[in-house]
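What follows are several structures.
You will see two complexes here that share chain A, one where it goes with chain B and one where it goes with chain C.
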Partner chain A sequence: MVEVAHPGRWPRRSFWLGLVGVLVVLVTLELVARFELLPARWFPPVTVVFGALIELLPTGDLWADVGRTLQGWALGLGLAAGLAVPLGLLIGSVEPAYRACRAVIEFLRPIPSVALIPAAVLLFGIGTGMKVFLVAFAAFWPILFQAVYGVQDVSPGVKETARAYGLGPLARFGRVVLPSTLAYVATGLRISSAIALILAVTAELVVGAAGLGRAIVTAQTAAQVPRMYALIAVTGILGWLLSTGFHAVEARLLHWHPAQRKEVLA
Partner chain B sequence: MSSSPPAVLEVASLAKSYPVRGGRTEAVAGVSFDVAPGEFVCLVGPSGCGKTTLLRCLAGLLAPSAGEVRLAGAPVRRPPPQMGFVSQDYSNSMLPWLKVDKNVTFPLRHKGIGARRRAELAAEALRVVGLSEFARHYPWQLSGGMQQRVAIARALAYQPEILLMDEPFASVDAQTRGELEDLLLDVWATYGVTTVFVTHDIDESVYLADRVIVLSRRPSTVARQVTVGLPRPRDQISTKELPEFTRLRTEVMRTIAQVGGGGPASSEHRAPPGSSRVAASP
Partner chain C sequence: MIRRGLLLTLEIAVPVLLLAGYAVWAARAQSFYFPPLGTIQERFAQLWLFERVPDDLLPSLRRLGIGYVLCVLLGVGAGLLLGVSRVVQQAVQPLAEFLRALPAVALIPFGVLVFGFGDSMRIFIIVVGAVWPILLNTIDGVRGVDPGMLEMARAYQVGRWGRIRGIVVPAALPRVVAGMRTSLSIAIILMVVSEMVAGRDGVGYFVLESQRRFAISDMWTGIILLGIVGYLANFLFVQAERRLLRWHRESKGLAR
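Right after this comes the complex of A and B.
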């Protein structure tokens, strides 16, 4: 049942190649619009979208929407982590707890969060509570599985060594199980952070909770097409920034793990 | 053993059985021996004879089904604070997120030793095993032999009165193994720490020990005790070419062949690749 996710690093040498890739895509999109391969009315050139983005930047509206989306993201992710880490530690350490929870987890996990939107609206209305619930539900699973995996991945040899040197159960938990698990939780947080952003924007788009998602719908309804694309770009940039940040945290916390190791002497 | 000095470790009628489907299986059946202070004792025996089970009982990691282990007169019911432990699985005994020096000091904190003293003990132990310059490396950056030296340093820094070693050199190459054996003998001679060393390698047991305890096939009992009077300091070449070395080695080997003969364990005889050593079991 355990999903393992080890991150790939972002090698610096590929930075310039990446930049070239981005430029090629932007130029292609610009040309597609300029030559009207897609209807220019619904698909403005990149430069026009960029102009709309520049116009948006000084407005308080944009930043308020970014703030609301990030608030839903942060509260949901925090709630998910606050529940998933202790539960993961428990069911990873205690075999009967693992077996007791397994059936429930296997049933709940495949439910797409968006399928819960109607129920969430009934329970929490259309505001922040609903958004946080959906985000938390979706973000909960990767963190839970990483926590369980982190507990179970502590080698029996390490645990036995700790025991042979007289560390009691509490000391073994605090000095062996917990450090290993928290490093794995960093990976879970990175995965869940991306999912959380998707769910926050979805809740805003579909239900109309305040935030970037609703701003995108508003721009579309008002036929402010370049503005709509500019807002979509903002969600993308936001996702990229969050993912980069979590990658950095993860690389720090998990640098010792075989999947992250840089150099080996012998 | 009436003529021996008072024992630091006493093993009395120790037995260990495990529940299995339809009953219990006996791994150790009534093992008794004493270890004198400062003595180097090797436990050898045929494959699957319960050597590791026995050592885990001595370490307080396993509760015996019957009998008793006493360390300095007190019964061992859980890992005692004056006992150091080195296992075969060196890479899995290291905490991969801690650097070498922190791995060495890892067991010291809960012993109530202050940070400065811990650092001193680690520096000293790493110097003894020749790894001072690798203190700030991660264990996984080191070779297998070096990692096992870290494990020895960790045991030394713990300042144990008795050191238990479970086939510690079984998974390193023959050359490294010889170096580690000599390092261990140096450390033992310097610190005078009582050592109980489990191995399946007959040459190794005779080369290292004051006394070799040969265990029978499972369920293990003490088949024979062989006192090794070879002069110290010992040397990989000159000690091993002594006629007495050959005689003792043959004696241990014969005992193992007798106790393991005819059974499935004896059909598994196989020397490690690239090694001319005689193995009691693979």
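Right after this comes the complex of A and C.
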């Protein structure tokens, strides 16, 4: 969505409208629960959920769980980026490398990352290693494809110009290819960040590695319904913060490279 | 010409060498976790041609199909409605963004609570997790329609329905399809995860159950099957997309 830049006018209006939208939904949910239009034991009022959230906030448990989820997210995403960016640069710039990897990539990519959960449990147990492996596998692909696409999308004219100015291969790579590719890598990181969080939470939820996912299941099985909703809300806020953060960083770092950036769908 | 031949050889040789390498290594190493290729292949034929297809594969595909179709209908329908009014769209945007950022798997315990362990819980999870890319992209696409075109159509007395069908839908379609593609891979992930949580059937259930029984070859066949499902789903999608958007590529000079 491209917001037209009317400083201080449109964005502010959209902010208030958004706030109204959120409030309307919250109030509706509250009323639905208060008048018991939906079964009360499944749908507690929003205020009760909010109370549960307030109760959770000062406890160390919540923050420890957030920390564990974030740890899996960060390690996996970092590992994925560390592998995918160099490989993407290589595949993107050297054709034999691209051809050599193509079939293997085409074979591995469609495997839904979550299908590997059982294999990951076998190989890494049920701790952080398993979580990091799953997150890294899933987060690897968008970064790889964005990096390859970024290298290949450098305009030939620019490369020729750099060559004409007598830049050596290394200088051309560092000054022309790399900056342009970084824009795409940033986009890949943003896409992967969301996927990484999904996988981290899934690993906790399905296998029972410590973190927010497991805490949600625990609350559900213990019939602590408001607590379950509060934890789901925390997970959502975490996802929203990460995605907003990546958008902001992307916009700030890459303001010089706006129009050419596209998301290639992995 | 020689270069092309070499590249093609490389493209074929590397996967073949990798497979052969694995076959030799697995036969020698007798690793418990990595059974020989022959064993996996044998088990795959025994299990998935076609003994367990009706028990596990078809239920999975049914959930995926129903869930995905619901996603498309809800996402496109709501997106068209919301996209038409700027006020409503701005009021809904933050909520939709929040729900998209929420990892849908976190809603599985909620789904279990409300729907129990049946199919409806799994379909609910697929819809609630995978509808957002379609919805947000449809809103985006509708908002990106050239207002001049709409004005002109109005001036020519084209009715509301005609304007939607003739101008809004074609203009929004490329964005919608891009959203549908993202949505498809999310839907497959959610299908698998929802089957892993207290499932009774489905390929996701089968894979996890095999691991718990330490039937390692069976587990790998399930993983490979899910890879095939993912590959075919994507392949079919791309084919359909080519047909649906041919005019778009041609108009942008991208036709091949």
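Basically, the second predicted complex is superposed on the first by the 244 of 266 C-alpha atoms of A that agree within 3 Å, B and C clash if a C-alpha of one lies under 4 Å from a C-alpha of the other, contacts with A are read in each partner's own complex, and residues count from 1 in each chain.
Rule of thumb we're sticking to: a contact is a pair of C-beta atoms (placed from the backbone, for glycine too) under 8 Å apart; a residue touches a chain by one contact, two chains touch by 3 or more.
This one's a predicted model, so the numbers in the text were calculated from it and none came from an experiment.
Counting the residues of chain A that each partner touches, chain B and chain C differ, and the larger count belongs to C.
Touch criterion not met for A:Trp63: it reaches neither chain B nor chain C. Touch criterion met: A:Gly157 reaches chain B, while chain C stays clear of it. In the superposition on chain A, A:Val176 contacts chain B only, with no contact to chain C. When both complexes are aligned on chain A by C-alpha atoms, chain A residues 263, 265 touch chain B in the first and chain C in the second. On the chain C side of its complex with chain A, the touching residues are 6-8, 10-12, 14-15, 18, 33, 87, 90-95, 97-99, 101-110, 112-114, 139-140, 143, 178, 181-182, 185, 188-189, 192-193, 196-197, 204, 207-208, 210-212, 216, 219-220, 222-223, 226-228, 230-231, 233-234. Per the touch definition, chain A reaches chain C in the complex via residues 1, 13-14, 17-22, 24-25, 42, 95-96, 99-104, 106-108, 110-119, 121-123, 194, 197-198, 201-202, 205-206, 212-213, 216-217, 219-220, 225, 228-229, 231-232, 235-237, 239-240, 242-243, 263, 265.
Those residues of chain B that touch chain A in the shared complex are 59-61, 78-81, 83-85, 87, 89, 91-97, 106-107, 109-111, 137-138, 140-143, 146, 158. Contact residues on chain A toward chain B in their complex (touch as defined above): 155-158, 160-168, 171, 175-176, 179-180, 183, 256-258, 261, 263-266.
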